[in-house]
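By written order: A, B, C and D. Residues from 1 in each chain.
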Amino acid sequence: MAPRRLQVAVAGLGRMGARHALNILNKTPRAEIVAAFSPDKNELQWGKQHLEPYGITLYDDYKKMLEHKGLEAVVISTATSVHAEESLQAIEKDLHVLCEKPLSTNVQICQNVVDAAAKKPHLKVMCGFSRRFDDSYQDVARKIEQGAIGRPTVVRSQTCDKQHPDPDFFVQYAAWSGGVFVDMSVHDIDLTLWYFGSSIVPKSISANGVVAILPGLKQHKDYDNAVGIVEFWDGRIAHYYASRMMTHGQEDVTEIIGTNGKLTVNLNPQKNLVNHYSKAGITREVPADYWGRFEPGFVKEANEFTAACLDNTPVPLEFQNAVKAVQIGAWLQEALVSGKQIRFDESGKRIDRANL
Amino acid sequence: MAPRRLQVAVAGLGRMGARHALNILNKTPRAEIVAAFSPDKNELQWGKQHLEPYGITLYDDYKKMLEHKGLEAVVISTATSVHAEESLQAIEKDLHVLCEKPLSTNVQICQNVVDAAAKKPHLKVMCGFSRRFDDSYQDVARKIEQGAIGRPTVVRSQTCDKQHPDPDFFVQYAAWSGGVFVDMSVHDIDLTLWYFGSSIVPKSISANGVVAILPGLKQHKDYDNAVGIVEFWDGRIAHYYASRMMTHGQEDVTEIIGTNGKLTVNLNPQKNLVNHYSKAGITREVPADYWGRFEPGFVKEANEFTAACLDNTPVPLEFQNAVKAVQIGAWLQEALVSGKQIRFDESGKRIDRANL
Amino acid sequence: MAPRRLQVAVAGLGRMGARHALNILNKTPRAEIVAAFSPDKNELQWGKQHLEPYGITLYDDYKKMLEHKGLEAVVISTATSVHAEESLQAIEKDLHVLCEKPLSTNVQICQNVVDAAAKKPHLKVMCGFSRRFDDSYQDVARKIEQGAIGRPTVVRSQTCDKQHPDPDFFVQYAAWSGGVFVDMSVHDIDLTLWYFGSSIVPKSISANGVVAILPGLKQHKDYDNAVGIVEFWDGRIAHYYASRMMTHGQEDVTEIIGTNGKLTVNLNPQKNLVNHYSKAGITREVPADYWGRFEPGFVKEANEFTAACLDNTPVPLEFQNAVKAVQIGAWLQEALVSGKQIRFDESGKRIDRANL
Amino acid sequence: MAPRRLQVAVAGLGRMGARHALNILNKTPRAEIVAAFSPDKNELQWGKQHLEPYGITLYDDYKKMLEHKGLEAVVISTATSVHAEESLQAIEKDLHVLCEKPLSTNVQICQNVVDAAAKKPHLKVMCGFSRRFDDSYQDVARKIEQGAIGRPTVVRSQTCDKQHPDPDFFVQYAAWSGGVFVDMSVHDIDLTLWYFGSSIVPKSISANGVVAILPGLKQHKDYDNAVGIVEFWDGRIAHYYASRMMTHGQEDVTEIIGTNGKLTVNLNPQKNLVNHYSKAGITREVPADYWGRFEPGFVKEANEFTAACLDNTPVPLEFQNAVKAVQIGAWLQEALVSGKQIRFDESGKRIDRANL
């Protein structure tokens, strides 16, 4: 008899949801996708074509999908605005949850989900930070653990997107994304929590940004380029750069500088192993988007989440981190928009407001 | 109803066979592995653990496996010495065949299989050259097609293995591998046929080798380092380097130099995107073996072979090439062992023997 | 008759002064070093051995050296604390001046020198920022000029020194260096003025630092790692990283991100063109210090300064920039030490003090 | 009193001669250029402008120049055809000689010069192989000496020139250059002698070439792309690639593969440290010619030759090597043109002719 497979449903069949659904269908041997939900007709149409033939039941009602017989776990990749509510409902139904980041752009709402999950420790609840499942970032974690660079002291990390051919794309996106630091840098912040330890306490947060190519962002108080610094109380610093202005492709780079060495990830982005020598010189192409860079990480994420559910082992990243990363992202975004530094005492209590 | 999946059996469950079996089980959505064969008890034991639970029937008799009900295709990854015979038997049974390279180290035997396949054009018969399914090599083919480098004129290609911790490993391997040019450079030769065109006719072949670290190779007339040149009648040249002496890892590099540009593949090998900065300088690791470099290619190979069978489309590489690549490899090996150049007339007829 | 050579004296024969003296002696064809000064006996001893044999007169009194017959120009590379006074005295004597950076760690004193020079427009007075004479940085300037990246919008630039074997070295240095931003990042700031234009007006300045490996720095209110952001009123941002903690060598990196492309300098530092492949992987070495990276720039600097003096052409960098770079460096240092953001109005007038 | 400077004359003021003259004038502190010779009016005109003003005497008669009072050394960079004769005359006059490579394209004539020099051991006579003075190649020699790669076993080395805008340029050059292996690969051969040891004895030599873009080469029995293998009796192999077809620039690459590691030089050519990120991807430029790659080597060569003459120390490369490198180049060229392998016995005596 074939080993039992985790019975999974996918909520949301947009760009990312469809990718999750196909990953579980085709590249997650220990999981079986049995149901999928979307509130959107076009997405359901896609599901009819690509999922229904495999016996996957489609729903246009999330709650009904949660009632699907035998269902054990839900992968949530609907709009960010409903991530938290749908997670809460799944937890309520005693289902494991893998939710796309962020749980919410609102920190308190994130915390509510974490609190709900904490009450059901038998459930595996995880927020999907794909870089945690990337070979290179995992190698860095291993090397740091082995002492390869001494004490990690400074993180420089950037998430830089290719300019979108449609100038409205990122502007519309900014209406609900929570801003560049919450939407993009949250990955860099999560890496910082990974490499510095999740107990680090911010001491001060500063940020600046410009609107260089997408004037429409101003209406949403967002920026197409932003830099920020987070200083921590234990003598460490992280600085971030987020941009939607790259012409060459996606360029997510991380450096971890320790007291006795340094590790870099993706300092020299490349689409594949080809170089083209021509009159222009020597040229290599770069992945156009995060999928071109992180696709294998998403597959690994689905597999590791499945294993944690089936084997009742811990999920690979603390759920609480998902709140902390959004919280720091939100503070950076606040510092960015207000132009004012935010400060904290050693317990992590914010103290700048009192000063002003 | 779920789309029909190709019913596949895998012959051989050694290192490579096990990988093929798992690829088809887990990473080839349109195929279903239904049976597996091995003459080896340990391999069958592995099958009992990893395949039988999924309803896959195990056989210790290849012919019986071919009788498996509903079987449509066989993936052959047994010892090279039986590749050809097993391929012929599968073709005889009207089964599609994906056979690991080489079909045989004997050119005539290779040709026999190709001839048998040619008589059954409804069958998909393919010899697995994994680089044909590698993103980077495919990108090179596309760029050449688009004229990015003018006329491809010189190929430099190398297959270099990491030194094996067990000095006997490669020596024992050499007993039946056909020699470095047949075993290793056959990949580089296949790439040459791809990029220069499969109709190219050799004009002369020269080769030299040394035994630098594995004296045991001498008893099998093999070498741990070998270089060879193949000159073609249409004004092109390929030169190859094969080595089993690398300390840093696997290093398979290809350059294609055209009249108006150059393309390189994997000139800077890397295990992942991490660099370590230390007192020694800046260091990156390198894949330890071909699996670390080409794993995604093997997955793509299984999927594309499956698609060709199900959709009745041409297999992605001409079967005849498999003979031609082995033939050129065997000539290089002969030139290597004899120390004498081999020559051909414009029709491809060998002329050096007559001269001597 | 051989063309006239500029009659030059060098003040200061310490590490950098000796290099300047030898550059002028051996690698600056249109200049002739005729005199040198040092207040230090050891340095004079070095001069006796390396300069006197070539007919160069040594002085232990700076003012007397200025009286050297026929003297036309002075290269000043004494201690930073006397740069300004010695520059003023040379200007007073109607001599061209090439002064090592910084003119002073005090902005007003810098300005005094610039003012004095402005009154004698026939004199060439230049503050030596060696990167201005580096092939790569000059190539970037040319490419920006040609529109290769659209409007330069974000500069990321770092000056990172190798850990000194003597832990006291940088601590003693910090006593008078003005702090990491004035001493190290001043180069990155000067590059920013070059690529953004020297008329840019800061809007806000923030900085943070840690003392990770050199606790002695605390007594001088300095840091071994510091990051800072300068936001400019015309919608541009620069962010800097200065460190004395590298284990691998000197790593000065600059990125200029434009609205339509990006340029990087030295993202992959290397000592030479050698890579070593070993069990550790693939390793390249890195220059140990700024001399290993910028030596050819210093030679070009001496030659271009000489040409400007002899041909009465403008010096290659505006002297006023030297003040502005130190000013921004000093503000960054102030923000670093105080932990408070500094703000400016559109005219460049500082406004944060009034607010607090 | 200033230390004595070597009194040097330069013969030939063409492209390379002019560079030598300026190097000695401006960048070789211990040498003084006192005379220069050219048989060419244009070259002499250049000398009038750039050398005469510095008191350098110009000659249109080589022999008269040799009589220049106080002359100690000659740098010969006239046409290859007169290198040997002019070297002999200078040796005859008891002058040190630095002669551009090759001494001659004729091996016997090379040997004559070496023999003449051997009779005057007080003279420093050197053939200029610029790579011997390149930092990276010197670093490789040092690392090999230190055992960094075990026993050097395989050399792969290429000299690849950029396509010349004038298609006739290389064709005319081929009339007297001795062919690609003598003209270009002689550098790679010299490196082989350096890293393998100058006592290595060839066992067999094979070569092939194509005329891909410069049909005019055929009249001179030359090729625009050529590959060759030299097998040595002590179990080592060198293989070479020479090309005049690069579009991207000069690309001289060397790999030395040892039994315990590998060293590469210039595997990733670059003009400077700039990378340009654009829609095309990430691009770096490449030096256009050997001067862009090796200029600092030529300066070091002039300085080290000068030091050897003044200090009576050995010149940095054995003069006999210059013959051996040309000899191997000539054999490769013969194998290339004839299409036949050349063979030698263990004493180095050629045995293939006897066999045929």
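What we mean here is this: a residue touches a chain if its C-beta (ideal position, glycine included) is under 8 Å from a C-beta of that chain, and two chains touch if they have at least 3 such contacts.
By chain, UniProt protein names: A, B, C, D = NAD(P)-binding protein.
As the structure is a computational prediction, the values presented were derived from the model and not from experiment.
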Of B-C and A-C, pair with higher C-beta contact tally: A-C
Centre-of-Cα separation between subunit C and subunit A, whole angstrom: 41
Rounded Å distance, subunit B centre to subunit C centre (Cα mean): 57
Residue numbers of subunit C (touch at least two other chains): 246-248, 260-262, 267-268, 271, 277-279
Arrangement of touching chains [line / ring / star / complete / other]: complete
Subunit A residues within the subunit D interface of the complex: 246-249, 251, 268-271, 277-286
Subunit C residues touching subunit A - in the complex, by the definition given at the top: 151, 153-154, 156, 204, 206-213, 225, 227-229, 231, 235-237, 239, 241, 243, 245-248, 257, 259-262, 267-268, 339-341, 343
Subunit B partner contacts - residues on subunit A that touch it in the complex: 1-3, 25-27, 29, 53-55, 135-136, 139-140, 143, 148-149, 260-267, 271-279
